[in-house]
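For reference, chains read A, B, C, D and E in written order, and residue numbers begin at 1 within each chain.
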Amino acid sequence: MSPALLTIEGLRTVFRTDAGEFAAVDGVDLTVQRGQTLGIVGESGCGKSMLSLSIMGLVPAPGRVAAGRIVFDGEDLAAAAPERLRTLRGKRIAMVFQEPMTSLNPVYTIGFQIVEAMRAHEPDTPLPELKARAIAALARVRITAAAQRFDDYPHQLSGGMRQRVMIAMALACSPDLLIADEPTTALDVTVQAQVLDLLREIQRETQMAIILITHDLGVVAGMADEVAVMYAGRVVERAPVADIFNDPQHPYTLGLLGSMPRIEEERERLLVIEGSLPAPGQAPKGCRFHPRCVFGTPECTLQDPPLRALGPAHGVACIHAPVEQFAAMPASAGSFE
Amino acid sequence: QPKPRNGGTLVYAAGSATQTLDPQFITDVTTFRAVGSMYEALTRQDEEGRIVPGLALSWTLSPDKRTWTFKLRPGVTFHDGSPFDAQAVKFSYDRLLNPATGSPRRSTLEMVESTAVVDDLTFRLTTKEPFAPLLSQLSAYNVYILSPSFVQKQGANFSKAASGTGPFKLQSWQPGEKLTVVRNDKYWGEKARLDAVVFSVVPEDSARTLLLLSGQADVISELPYVMVKKLGALDAVRVVRKPGYRTIYLGMNMNVAPFNDLRVRQAVGYAINKPALVQGVLSGIGSLGGSLEAASIEGSAKELQPYPYDPVKAKKLLAEAGFPNGFSTDFMVPTGRYNMDRQVGEAIQGQLAAVGIKANIQSPEFGAYLAALNKGKVPMFMSGKGSPTGDMDFTQTLMSHSAGKMNYWGIKDPEVDKLVLQQRTAVDPKERHRLLAELQAKVYQQEPHVTLYYEDQVSATRSNVHDVKVYVNEFIDFSKAWKA
Amino acid sequence: MSKWKQFKRSRLALPGLVLFAAFVLAGLLAPLIAPHDPLQGDLANVMSTPSAQHWFGTDELGRDILSRILFGARISLVEGVLSAALAAAIGVPIGMLSAYAGGKVDTVIMRLIDVLLAFPGVLLAIVIISILGPSLANAILAVAIYTIPIFARFARGQTLSVKEEPYIEACRAMGMSNLRLLARHVLPNIAATVLALATLRVGINILTCASLSFLGLGAQAPLPEWGAMLANSRTALLIAPHMALFPGVAILLLVFGLNLFQDGLQVVLDPKSRGRA
Amino acid sequence: MLRFLIRRLLQAVPVLVGVSVAVFLMIHLIPGDPAEIVAGQMATREDVENVRRALGLDQPLAQQYLHFAGRALTGDFGTSFRTGRPVSEEILGRYGNTLLLGAVALLIAAVVGGLAGIVSAVKRFTWIDNLALVLSILAISTPAFSLGLLLILAFAVWVNLLPMTGFDSWPAIIMPALTLSAASMAVICRIMRSSLVEVLDNQYVRTARAKGLREHLVIWRHGVRNAIIPVVTVAGLQLGYLLGSAVVTETVFAWPGLGRLLVQSILARDFPVVQAAVLVVAVTFIAVNIVTDLLYGLLDPRISAS
Amino acid sequence: MFDADGRSKPLLEVEGLVRHFGSAGGLFKPARAPVRAVDGVSFAVMRGETLALVGESGSGKSTTARLVLRLIDSSAGRIRFDGQDITDLSQRALRPLRQRMQMVFQDPFASLDPRLKVRQTLEEPLIVHGMGNAAERRARVDELLGLVGLSQHHADRYTHEFSGGQRQRVGIARALMLHPDLVVCDEPVSALDVSIQAQVVNLLKDLQARLRLTYLFIAHDLAVVKHMADRVAVMYLGQLVEIAPKHSLFANPRHPYTRMLLDAIPRPQPGEPSRHQAQAAGEVASPASAPAGCRFHPRCPFAIDRCRVEEPVLEPTEAGHMAACHRKNELAPWEAAAPAAASGSVAALRLALYAKRKAASTGTV
């Protein structure tokens, strides 16, 4: 396999708060290959967006990347000069933000904002050509009457349209890496399917790598090659997509799969993972998930489990994995390691 | 002393702008200075205020002392080329007297009964009664002689154009900005040396001073007193000081308690330290005196002394008048009208406070100030008086006569009234002098006002500018000036 | 983090507050700390430069400038702060209301504001003085009235933008009264810039008040007023610059303090700048 | 757009009438008699009456106003009490001067103040921000006459570089315009800073960075452009201020402008000039406000200009 | 689930709702054809019922929601709330009513005042409607924070310090503060991970059961819709194309667009693509230039000539099931997708284990 396009090692992104430093991303290791899609799932607030912003070098103050390496195509972004980062952003690494309304500038037409993204990296291309490309981009993300919508302001668009504008903008310069933070939440399934098709198509053509953050496990199943499951700033399980669905190891992953509503079956209540994320700066000792874990044991409090390899590409950060072996043993039967 | 040179342009900066070029509408000094460089009257005041022939060469007075016959200067032409003659004089005077003209200074010729052209160069004027100050009156800027043909030709535009007989003639005027006059090569007398004089406006005192220092102006007037010492020490400029006609006084309303009591008025007089005002506030510029009329005015009673500074006596007088602990009164002070007026007011306030008089200064803007004074209700005020004609008659009628418009203190003394009328008809100078002295003494005794000081006029020139003449009547004569 | 803590954290805010408080104190304690009588001059010692006796020198009547500045703090603080505060307190609600209501209300209010704006301040001041009589309070009133339209138009412009924000719609959906909406949601979101304007107006208004005292409006002589002291120094500026310098510096420091304070407030008011300053 | 303009122009009519009536009433309400002032303190009663008659001040108030209004409709504002010249002549030239000075000053204020504000906001809490703050405050609390005189001292006396007065040449406008612009510059700087600081926290700024825009484009396009509304508002208000209240600057630099004329005329109770000058100022304000309101709609498409 | 009374009384009725946007053109922009965002929509929501509104992005769902709550004014049509016609009610008169109808906005961040802390945001509705004292309000805020899966420490933070999903939960909590009768939810759970989503969905359902809440529920996730809704309305280009009880709709969709939607649901099983077909070239219509005839015909695989000229109306096909399609009764019966192939046996085993453990630890199923 050729060297990974993006390798993240020990990334730590912290916020200064009154209670001291709080790590929104806390020691994350990831790799993304060219032409591949890495799906990231995880509980709301677990640090997915901060992870992506860290890659982009856009962590909002008072947050900052405190440790770790972000190696993109052989270059450490965490240590790169701001100007260098700028030339990469938009051109080689693009991002679709989670909140399309607030992420679009209300005083410019969407057309302008897309053209601007292209101009930033192709200053010499004549404007009419860029405009034509922008309209085409809008049309590709299924915005109807794209030529007219080109002149619309963000507030004149529906939520889903704004989201598609963001996608069109991110794709404008055919990046090598696309970070898409919940890009299709506001899209109906038909448009979502079309947009995902589009992404796959581009990926096929340009070997674009995608980091896809989403809650929709259906989308993950359809799009991702590999999946990282995050919990409280950590990657707790990482595996090829099939393994996540067919061989889920971490109790949190199990919880997610169990909570998923399914169209073909109907339940009175959906399963949930009880409890909530630890408060900032109050991460529990040992495994962060253990207070909420149905398989939790006293051993879990001893040590924060590192991601350990279960297979060639499958890692999990749980001392009890796989759970069936553990569950089969009497609850009192001590630790594994 | 270097030798006079001809040519060059002189820039003169004043604090205010020329308002009009129609002499009969002049009411301010700046306009007087500009228009006065182009126009002349029958008589003229010289540097020290003495009456000398102007466009009239000589004059005689009839035995009944009412008819004046003037021999006019021959060979004089107006700038527009028309000749100066008796007809022009009559025309000018009649125009001023015509109510339709609407001149604010019609009163200058109020005493005239009739005017007549005797021949081309003889003009006759009859007054209603004998009128002693007539020759002074005829030197005033409002009775400059106009060119009849020019006035008729210009019509409504006359206030923007000029055609006099003076040593300079109008070149251009941008109202509010500057007025340029050039030498009148056909002047009947000694021709001006300068090619041109620019009358410009720089309202801000300090800016005007700086303009002079930078050399962008050659002459400035109304130099702030505080600058005199500093500028006097510089080589590049020369300060020109000249006594003027202006008196700054403090008036008290004799019809309002407690100023209806002479002792209170005297107490105020003693309580004010006039030398300290002049030394401290006015940088030593100004002179002291007892008469309301400045010492430079003919007939001013120089023997009247200013009330000495004596706070003890002041307190005693107050106690006698029933105010052992003093009293409180309103004190109206103009602001920005006279040199350091507000500061002088505040200093007086402090001095009065020392004897127990609490003076509450009020200094409304001039319109309201004037309105209040005219109502005659202001108990105590500070003000200034000049002399439009250089003769006391005008001001005494206004200020000492019981019906006078500026009798803000409400003096009402039949003897004073009588003296005011008598001096006017006393054509004999000696007799008139005596009457005026008596008049001033009478008023002084009643002390409706305390004379604070007489203002000096202060101008400055670049040191390469010579022979700029400042007159006591505030005129500035550039006709002899030259630049080295 | 408590607001106070945040406030302290914005490094400059506290010095600003201290500076402002110092002026207030100076005004209050003037009778105790002023070395001389601010009103009693010594005509033998006018315009003297700073010396051991008179730290800030004396003015054109020989009065001690330091003492006058200390006493003047009372007047000038009140003038500047009160007139700006009054104008903001009236103008800002008017502007917000006008923008928020829109339509006819907006038209009528704004046209009235146009009239006020076009009205010469001097005339306004003279009118007020001639009706109400000359006093400090009336001068403040006049300056405040003159400043109202400025705040009104400013607040209006800001409100026009803010009222289009989705959270304002969310407030309406909640059934919030317009009053509360304006006070709780629009005002805080325009407050930073309004405050910035207001602190600057304090300085400008002190100078405006001074120009009014030259029309006989305002603090009556010989009350020390910074602006008037400055203006009085005008003719003597070239020979006794200290007369202008010290009152000028006093105004400067006051406005400076207020601005730092406002900066600090902006940090507190703007949750996003938390922990950054 | 056209309808908006027409509507606003129609609305201007009552505003102008309102202004003129208010000014007329007020100037008559205050003590001070124009005839007295024109004739001068040392005039006789007769002279004063003479002047009063000549100025038409002996007529009833209502009649005076109607007379004024009637003529004003035809563009004739009468003649000045003080100078006897037609008011329109007195005012027009000065208005031009004032407009010129005001426009140049506003330009300076907007460019310098705006830039300083932007730099301050971007480099918030750094020395450069503090410097801008100190300079702004200095500009605010230095009265125009001090500043003006200092400039004169520096550039006309010490280094004889610039002409002080008169405006025969372009350099002559430099010092007065600088003086006049100081306070506005400070106001614009501070408002720009405050506004921009808030705007830069918005997520669309992050988007702009994510696109790889150069930082200056991020600041200008996505920061300044969105922060500009309050700045435009104050700039509009400042222009009005620059036109109507430039008295001190005009005095120091002997700039024959409308501001000083207006004040002098008020003090001299020169009613016709006051009336006309105020109307001119009002028209200017109305125009500026119309432009501002138009700009709002242009600058923020969410605001419908109505 | 409903009592007789509730069934017969709609809480919200909408008739012929129309809203066009911006034909006049902006101040500096030329006029354009108006966007017919909502173009004649009628429906009723019964008390205690959940009506889900699904449909293409940009089809006018959010606009309908805002119209229903009178946040924007309609161009035509009538709105009745609890029997009262509120179409022309003044905003002032509406205010007390707003206590009973609340909204969860699609864009959580933009709809939260950045200057308020979460506690203040949540308290606000209570204060506005004068409910409770400070302590009670505090308690209520804490309660709702817990219900939406946020904790106490979140209350004193500002919204910009939250993640997308956390903000969305704040928005939901705010809407529920007042015990409203009607909640219009515009994609309330789109930003939530499945676990929190499940928690919130459960919460909404519990509240409905307890308090007989009524929901107008806009969502794209059809699994969630299927879980939440009683009836489902499908919107396309500003109009309703189908409305039916959910079982009827999911089992037997009558409108081709509905079928297209169901086909496009992504399957949560790798290697098992959805049935959605990449679209044939047919230009998708825009609301500014809706095509003649049936608006869907350019994309419709079943379109016939009639569809190109005649606009179909919403007509019943069976009890409670209405569709706007000329061929609604001709379409072949719908075949639901086969249930996802049972997850790998290991997964199934572990999930079962997980469920067992969970049941043991919490006592819930």
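One rule holds in what follows: contacts are C-beta pairs under 8 Å (C-beta built on N, C-alpha and C of every residue); 3 or more make two chains touch, one makes a residue touch a chain.
Keep in mind that this is a model prediction, so the values were computed, not measured.
Engineer: Here's a test of the contact network: exclude chain B and give the groups of chains still joined by touching.
Structural biologist: Leaving out chain B in thought, the network of contacts stays intact as one piece.
Engineer: Based on the averaged CA atom positions, which chain is farthest from chain A?
Structural biologist: Relative to chain A, the chain with the farthest C-alpha centre is B.
Engineer: Calculate how many whole Å lie between the centre of chain B and the centre of chain D, each centre taken as the average of the chain's C-alpha atoms.
Structural biologist: Roughly 37 Å, centre to centre.
Engineer: I'd like to verify one number: the distance from the centre of chain A to the centre of chain E, where each centre is the average of its C-alpha atoms, in whole angstrom.
Structural biologist: 25
Engineer: Would you mind pulling out the distance in Å between where the CA atoms of chain A average out and where those of chain C do?
Structural biologist: A distance of 51 Å separates the two centres.
Engineer: How big is the gap, in whole Å, between where the Cα atoms of chain B centre and where those of chain E centre?
Structural biologist: So the centroids are 91 Å from each other.
Engineer: By residue number and range, which residues of chain D touch two or more other chains?
Structural biologist: 30-31, 145, 149, 153, 201, 203, 267, 300-302
Engineer: On chain A, where are the residues touching two or more other chains?
Structural biologist: Expected reply: 60, 99, 101-102, 106, 155.
Engineer: Which residues of chain B are in contact with two or more other chains?
Structural biologist: In chain B, 204, 206, 210, 364-365, 368 touch at least two other chains.
Engineer: Using the touch definition from the top, list the residues of chain D that touch chain B in their complex.
Structural biologist: 30-33, 36-48, 50-51, 53-55, 82-85, 89-90, 93-94, 145, 148-149, 152-153, 156-157, 160, 163-166, 251-254, 256, 260-261, 267-269
Engineer: Quick check on the complex: what are the chain C residues that touch chain D?
Structural biologist: For this pair, the touching residues of chain C are 11-12, 102-103, 106-107, 110-112, 114-115, 117-124, 126-127, 130-131, 150, 153-154, 156-158, 160-161, 164, 192-193, 195-197, 199-200, 203-204, 206-207, 210-211, 215, 227, 230-231, 234, 237-238, 244, 248, 251-252, 254-256, 259-260, 263, 266, 270, 272-273, 277.
Engineer: Where on chain D is chain C touching in the complex?
Structural biologist: Chain D residues touching chain C: 11, 14-15, 18-19, 22-23, 26-27, 29-31, 125, 130, 133-134, 136-138, 140-143, 145-146, 149, 153, 183, 186-187, 190-191, 193-195, 197-198, 201, 229-230, 232-234, 236-237, 240, 244-245, 248, 262-263, 266-267, 274, 277-278, 281-282, 284-286, 289, 292, 296, 300, 302-303, 306.
Engineer: Which residues, counting only chain D, touch chain A once they are in their complex?
Structural biologist: 202-204, 206-215, 217, 221-222, 225-226, 299-302
Engineer: Please give the residue numbers of chain A that touch chain D in the complex, ascending.
Structural biologist: 53, 56, 58, 60, 82, 86-91, 94-95, 97, 99, 102-108, 113, 116-117, 120-121, 153, 155, 166, 169, 173
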